[in-house]
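In the two complexes below, chain A is the common chain; its partner is chain B in one and chain C in the other.
Right, the complex of A and B next:
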């Protein structure tokens, strides 16, 4: 009986927790299109850990902690990157994208059938904080309220929004939290589910500059050092917005629509604006804007003028767009879409409209090349060597999150469309220009 | 033998219970799986270790709503005696209950205006 159960289990979709290292964000997102895989949102629900691309030394401890959070039996697959310092013994290494899914499925089957042993924990079996007996509030100890003693201190008291004095819990989220870009660490103080204070503890993957310079470049990064065709830029912009939508829909608990958005991101061609508009209507029909997205949350208007945050600025009514200063775009009659709602929903709507308009513009552009050099309007805003829009957006996170409930905070963070890879690549272009 | 009947039953029950406990113990031991290490037991927040104890006091925000539910739920008790005399009293009972529920409804509207129905 057991072998039959095991054989059936081995054929189930493989639950994978991915860690997208430098330059692997899109490649990991594309795994959502694979039938045989399920990308889960927590390592507790996964059987396999996929470490894709390079991860800097400062986050290797976090990789180990993520690895140890997987339940037994578990295994790891290293895709690209060197995997150095990750201390995961005999994890299969894969270089070609085509080999990833077969390798994951094969490893999962062997794990379930028992022909491959589970991976031992990487971190030592010791409590990070030494046990000091029963704490000042009776925490720890044994029995109903204590369980296994940890000896961690209790959270401090702070004022609650109802005038009470309740615990303010410090929580660090990231660097490998499923809804945030890999490398982003938020240091939050939370009272109940309301964020009282937010700080950004890390905003990079910390990989070496040589790896950054060797990574594949998007048309927007290439536009910083040479001319790129407008059609290519605009199709890439539409695809980038659709990829963002796929991730954001997933974050809103609509994975099937997210997969459709991702498929659309692969399929759209110049002139396919109406397809995107149709898809936008579909998402609106789900009631997303009425029920799911926090209305009026995530406002940033006072901080936005001059920030050049692309869709975030334009959703708040600021016509900030480098394409307006580009004679090639002027010749095509380009006018940016602008809304004046400045909240999470407005950023969704604007990105849908912009993706559709970009595809229409790409169809009109013919062989024209963008006219500006050394700067470009990326899908996230004004991009120049060494200065990426995500870096400027990250500076706004503390003000954005304070006072929001956790679910709204997450929706607001997702609406910023942070891309730490783009930041790293902009720095590497800066280095290349300086050399 | 007849006198020993209750004793035999009690012994049989005790022995069965003992066997069941031992059996469950044995099964539980087999199915226990591996012992987890300290880093495997902590909650996952993205790869950083928790800094404070998991115990914390937060505001149970459904509390005022639960109180309101109890208050209005108790008012419904008044409808039982009313239902008993409703047929004999007729329209006048209907109007009186309408007034009663109308006043209660004003209370709900007031609580709504004061945002007592917001959980979050």
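Right, the complex of A and C next:
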């Protein structure tokens, strides 16, 4: 390639495929606000792989596969975490958040200009099982009958759901699918585009407890072991919901509005409830509730009583909220928002309302502190040491997804607002209390 | 128009149109995202991105259909070129003016399904294949309303020639004469070019869908092919509904460009300001609403000519 083309290429926005390891979910999401970077959805579109935070041993092969899927020239940056076991030689290691963007830009420029060599594959380029098919596309041969040819299970006939009996094909989604939390692995059986059966194969990043205990704590995790101001909790709740909206808008095909939601999450202060309501009205005008979210899909009501799943429970008409039992919140006249639609759209509407109400409440709270100890209503529901709402929500996934088309299933999954970091941190608090 | 001149004209329109789409889409994305971006940055960004694609290697998958993978963007670009060749810029300035220009354009649109399906099928990978089948359902649903919306424009002209269709709009543009036509055309045009709310085959929920396995030049060429089809749809909309070259003061070709840019702006804005429609809802709306509306449009247009 001519030097001129390389020089022009070095000026392009840096395409990065991020893997958000433990405790780095928000930090990686914030990179979407950086003008010089483009966070891409597939490693094929990236030049750099960013591994942020710790990744447990059980997902290191997946990191290697992701790495090898990047086209040449490619390079890796390790941000936080130690990168142990990832077998990526010479990858720059960054500790401070302020250094990440300059490091990515610098590495990209050197890579494209040719002063840094591309990274070789980690895994051998070989078939998982010896290829015994005869034809170029696997047809024929004795290995094709009745087994797992080429390491892939064969399609099977599934039940007749709608008068059209289709092959049921097993597929695995995760652990680094762009629209889902890192660490979540789903084993799906799909017939056409409909999910016949879903199992959760992994719902954690699998990092050691010491790493979890050393991670930064959100106000909600800190509230488990000490008093935290209501204003701080409620602003954090509003920001968390807006961060969720940023990801959810992207999943529904509006990444630009997602960036606006993310910016709003950074900017909102106590008393800014109307800003959130205005943004919510804007998003409603995108057709979101009319033609994008599956109306009536993702219902969970029979399983929800007592689950304490925050917005998911309250969208289904259950007034489950630990703040109701908190005298400090009672003194502020707190009343939870409750809807009774129990579907994906209702969870969306409720989070917008809750984010706005949280900012109004934060403005009224003054210096008051939350009154409960050892438990808190996190943005996802009842959080206690060792018991996070996302863990309880994950148990509902198989029933939630069955019978849904993929885009509806993804909208339903996103509507649960799974946070695997919060689960790990709740466990670490439990361990600290036990010690 | 001589063959070399026609080929040159279509190539120029394709390159310029693709560049305009690349710049315009980045600009609207920045506006929708609340980001300030300098004009110079916007203007050079497509050049830098193209250069990066040229320096990036292609990748492969397990046992892909290599020829199909390589052909898909070429086929889509060719279909866009064919469609664009039918668009008259001014009296006497059109790359090709067969008496059956409408049929040629419609045939090109029908074949888009082959290109998109080929692009999703060839990598032998789950997400692209899912996107390919989605476009199959999408295409089967939009073909009829698309053809009917276009067909109504040939009634006042009493011809299938696109030059005649534009000439027949001298007294009154089709957008006024057939008020249902342009909205119908734009909705199904979004579906044809799988853009914005109807970007189901390459959607964000499929991590890029049919292009999820594309890297380097393959990704660039597919993106350019998609943009080309968008330009072709917008240009044909300008010719068939907005009077083509008709307009005061300015020369005819300038009017065609202005009208095409206006439609492109609408389509690109829709891409950032509307949520992705569910495939089930689109199929339902196409068959239950768009086809009856398109038929009504044809009947009413025909009745006025009796």
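FYI, the second predicted complex is superposed on the first by the 410 of 435 C-alpha atoms of A that agree within 3 Å, B and C clash if a C-alpha of one lies under 4 Å from a C-alpha of the other, contacts with A are read in each partner's own complex, and residues count from 1 in each chain.
Here is the rule we go by: a residue touches a chain if its C-beta (ideal position, glycine included) is under 8 Å from a C-beta of that chain, and two chains touch if they have at least 3 such contacts.
Not measured: the values here are computed from a predicted model.
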| item | value |
| --- | --- |
| First (chain B), second (chain C), both or neither touched by A:185 | first |
| First (chain B), second (chain C), both or neither touched by A:291 | second |
| Partner chain in contact with A:44 - chain B first, chain C second, else both or neither | both |
| First, second, both or neither for A:384, with chain B first and chain C second | neither |
| Which superposed partner A:175 touches (first chain B, second chain C, both, neither) | first |
| Chain B versus chain C as contact partner of A:69, first or second or both or neither | both |
| First (chain B), second (chain C), both or neither touched by A:257 | second |
| Partner chain in contact with A:406 - chain B first, chain C second, else both or neither | second |
| First, second, both or neither for A:9, with chain B first and chain C second | second |
| Where chain A meets both chain C and chain B, residue numbers | 42, 44, 69, 72, 127, 137, 171, 177, 192-193, 405 |
| Contacting residues of chain C [partner chain A, same complex] | 28-30, 32-35, 37, 44-45, 47-49, 51-52, 54-59, 62-63, 65, 124, 126, 130, 133-134, 196-197, 199-200, 203-208, 212-216, 219, 272-282, 285 |
| Contacting residues of chain A [partner chain C, same complex] | 1, 5-6, 8-9, 11-13, 15, 35, 41-42, 44-45, 47, 69, 71-73, 112, 127, 136-138, 171, 177-179, 192-193, 250-260, 263, 286-288, 291-294, 405-408, 410-411 |
| Residue numbers on chain A that touch chain B, as the complex places them | 42-44, 59, 61-66, 68-69, 72, 118, 121, 123-128, 135, 137, 139-140, 145, 148, 150, 152-155, 160, 162, 164, 166-167, 169-177, 180, 185, 191-193, 405 |
| Interface residues, chain B side, partner chain A - complex | 33-34, 37-41, 44-59, 61, 120 |
